[in-house]
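I've put the structures underneath this note.
After this come two complexes, each holding chain A, first together with chain B and then together with chain C.
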Partner chain A sequence: MVDHGAALLLLADGRFPAGGYAHSGGLEPTIAAGRVHDLATLEAFLQGRALTAGAVAAGFAAAACGTLSDEDGKRFIALDAELDARMPSPAQRTTSRQLGRQLLRAVGAIRPDPRLEHVGARPHQPIGLGAAVAVFGLGRRDAAWVALHESVAGPAAAAVRLLSLDPFSTHAALARLGPLLDELAGSAVAASHGELDDLPAGGAPLLDIAAEDHAVRHTRLFAS
Partner chain B sequence: MTVDEISVGSPAASADGGRPVPQQVSGMRAQARVATELRTSPGGRQRSCVSTLRSQAPLALRLTRAKAREPWAAHAADIARVSLAAGAGGPVGGDQLILRVEVGPGSSLVLSEISPTLLLPGPRGERSATHVRIQVAAGATLIWLPEPIIAARGCDHVHNVVVDLDEGARLFMREELLLGRHGEETGRVTQRVSVRHGGRPLYRQDIGIGTAGADTPAVIGHHRAVGSALIVDPSWLSDPPSARALPGDAALLPLSGPAALITASAGDNLELRAQLHAGLTALGPPWDPGR
Partner chain C sequence: MSNEQSPAPAQRRALRLGVAGPVGTGKSSLIATVCRNLADELSLGVITNDIYTDEDARFLRSAGVLPGERIRAVETGACPHTAIRDDITMNLLAVEDLERDFAPLDVVLVESGGDNLTATFSPGLVDAQIFVLDVAGGGDVARKGGPGIARADLLVINKTDLGPHVDVDVGRMVADAATARNGAPVLALSRKDEDSVEKLCAWVRWINREHRHGRHLPTDPGPMAPHFHASGEADELFHTHDETR
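Now for the complex of A and B:
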């Protein structure tokens, strides 16, 4: 098997020009609501996010990765509908499609591939991510890893700015989440081979509620 | 997963089979079923009638009368009303309960419940499960008003709800989970909900309490009650409601499809009910329950 480690690092890098840096993954409104205020509450937030939104994103990224390799356009439509059904918040659906479009544009310029046509113009971010991972010759587990890494690394970086937390302690919290992310990546890959209805569907009511609070707030630093 | 695929102790016993389900040593197994259809009287009047009503202890289904105001019923054909009573308390660990609901074309059913469900641990720490399988046909309406599910300390329960709606079906479905009795540490519940509309996924969500990550600020935090109301209304295909934050930790969320979710997390069941009520008020007629 060819080793594609460099490509994996490129895609997982926060400097990849796909616009993710403008988002806090619901952390900013959660801080505004007083639920996250220090390192301990941040770490709990990241753990909860990984187990819900992160696991869902990982399952769909892994499934989309396999789908692009199979060049199955109909399955992309089915995946899109399944992920829509897992995102009750319209603000989150909009954000996810914006990020997916930006990611696809970046990947189309960086690594053009005719198979990206199957994905559609405004995919949800995890579906665009899974397709991008496949274009770079990587597999389902890589797609799940990148999705899970993004689900916590983005909010952690935002926390350093929003709460003036020490970057060393924040990254220590991320490091402690490593074994959980690895375990969730394994479950995501397993689920991506099964029925669509059984893809991860962990809900996070407080994230859904925070997303709607944030969408109408004028004094925000991050887009979500 | 459909109810037909759920093993209930004997491979031959399907939810459709109607045969008695053998009692197993570990826990109770029971199936109940209700079906409605629209009948026209010789005078031309249309009525929703209960065509099947099958109970099996501890699940008891009974015909009942209107208890409260039913604003959603203003334009429905005469409504059928059934209530569920879970006789023996529980379910306790090891129990497997199956409820099957079929609302036939054009008919309307209000399915309520007599009392809250208290989930208790089994003698040997087994998991309990409730499976609810719902089908609502075109032009039909199901108003499903279960009482809260209370997760007593040590319980381990799976609550699995699968709903298939034909296009043109209407649905109101309430779900309320309470994290333990007053002052009690919560047990573990995984609530799995899958709703399809015209064969397409409309709402798919797993909510856990007492599970890994549930008590974090991203999921339900330190709230003691979490719940939702899902409303599917074909008229929203052309005129969907708009999203809005509600007082407390609650929001009204239009789904991708003719449906809206009111989601709420609260300190107790009273506050939770008030939040769901506020969400329905925000939806306006015919879902606004009034004062």
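Now for the complex of A and C:
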């Protein structure tokens, strides 16, 4: 097994130019609704996000990673439908496809690979991510790790701008989430080898509602 | 995806023209002026980058200078500088979409979110860029320099009509800017001064022609960069002293 740790760090780096910095993962509207206001509530939010949106994203990223390696275009269509069904919020679906498209645009320029054609032009972000991870020679667990990392690191970075929290305390919260993310990555990989309809399907109704509220807000710092 | 991954040769696609500069210096107003004066002769599109809202896109649409669907807003998540330099993907997709939806476009104007003196466009996003200062921001700003002031393809010193009201010597400010730029073009602009508006339009026509003919490279201006003289026809206002041309 070849070790591709450097490529993994490159893809997981928040500076990877795929436009993710413009999003708060639902944190901005959740703060506006008063549900997150300090470090403890932020940490609970991040944990909830990892267990729901993060776990779903990790399962689909791992599955997409395996699918690109198999060059199975039909399975990408099935994956897309399965993930669509797990996202009741139209605003979240739009954001997910926008982020997936941006990721493919960046990866296509950074590491062109004809296999990316199978993914489609506007994949959901976790599916685009899984494909990107495969292009870089990485495996399912890497895909799950990046998806889980992004599910909490993005909102934590946004929290520094949205709340009076210093960056050390938000990163301490991320560090405490490490074991949970590792555990969820393992579950995601296991699920990715099974039937598509058995992929993780955890939902967060308050995040869905927050996403819809945010989409119609005129003044906002983050796009989602 | 493959058609989105390699940009067309420079002379075949639209000129991508960035407009950067601190907040409130008149970037939207400058773009409205360009559109108002050139929309009849060039096919134009606009991408705005706002910080909190889509205010700039709304302003331009309400100004009626272009059909509303040719003006699109990109949300930059409170990072306007990142969106034009470090992570250009959102803006690049917006530009490519606009070029595809309204093909063939001559010029796409990309307005950065109002930021600071250090923010300039990546050459991966735009072919050329205008940096906008205004006299009300202080007469010493041009002298302070910075990458946008020193290296943008055109430096605009805007709202020159306000000079007497804010105790700024416009002539002095323009001279300071010219010094900071080693002679690269500086335009003193006021939308109330038709001659200055015509010079702005002449520069846009000129840079578009250079791009169209493959003569413009998205690089920093050289020591003998294009500049304009105080007299002459619009088309002759800007030239270089490069013997090979």
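Note that in this section the second predicted complex is superposed on the first by the 224 of 224 C-alpha atoms of A that agree within 3 Å, B and C clash if a C-alpha of one lies under 4 Å from a C-alpha of the other, contacts with A are read in each partner's own complex, and residues count from 1 in each chain.
Criterion: contacts are C-beta pairs under 8 Å (C-beta built on N, C-alpha and C of every residue); 3 or more make two chains touch, one makes a residue touch a chain.
Values in this document were obtained by computation on a predicted structure and should not be read as measured data.
J.: So if we stack both complexes on chain A, do chain B and chain C clash, or do they fit?
T.: fit
J.: Going by the touch definition up top, name the partner, chain B or chain C, that contacts more of chain A.
T.: Chain A has more residues touched by B than by the other partner.
J.: Examine A:Glu82 and indicate which partner it touches, taking first as chain B and second as chain C; both and neither are also allowed.
T.: Only chain B is touched by A:Glu82; chain C is not.
J.: Which partner does A:Ala106 contact after superposing on A: first (chain B), second (chain C), both, neither?
T.: The answer is second: A:Ala106 touches chain C but not chain B.
J.: Look at A:Gly202 in the shared chain and tell me whether it touches chain B only, chain C only, both, or neither; answer first, second, both or neither.
T.: first
J.: Touching A:Arg35 in the superposition: chain B (first), chain C (second), both, neither?
T.: The answer is first: A:Arg35 touches chain B but not chain C.
J.: Considering only the touch criterion stated at the top, classify A:Ala91 as touching first (chain B), second (chain C), both, or neither.
T.: Only chain B; A:Ala91 stays clear of chain C.
J.: Determine how wide the angle is at the CA centre of chain A between the CA centres of chain C and chain B, giving a multiple of 10 degrees.
T.: The angle comes out at 130 degrees.
J.: Just to be sure I read the superposition right, which of the two partners does A:Arg15 touch: chain B = first, chain C = second, or both, or neither?
T.: second
J.: Note down the smallest distance between any C-alpha of chain B and any C-alpha of chain C in the overlay, whole angstrom.
T.: Superposed model gives a least chain B-chain C C-alpha distance of 20 Å.
J.: Which parts of chain A are in contact with chain B and also with chain C?
T.: Common to the two interfaces on chain A: nothing.
J.: Considering the complex alone, what residue numbers of chain A touch chain C?
T.: Residues 15, 17-19, 21-24, 101-102, 104-106, 108-109, 112, 114, 116-117, 119, 121, 158, 161, 218-223 of chain A touch chain C in their complex.
J.: Over in the complex, which chain C residues touch chain A? Could you list them?
T.: 1-2, 4-5, 51-54, 75-79, 82-83, 86-90, 92-93
J.: Could you list, by residue number, the parts of chain B that touch chain A in their complex?
T.: 1, 192, 194-195, 200-208, 212-221, 226, 228, 243-245, 249-251, 253-257, 261, 263-265
J.: Taking the complex as given, what residues does chain A use to touch chain B?
T.: By the definition above, chain A touches chain B via 26, 30, 33, 35-36, 41, 44-53, 81-82, 84-91, 93, 196-197, 200-209, 212-213, 215-216.
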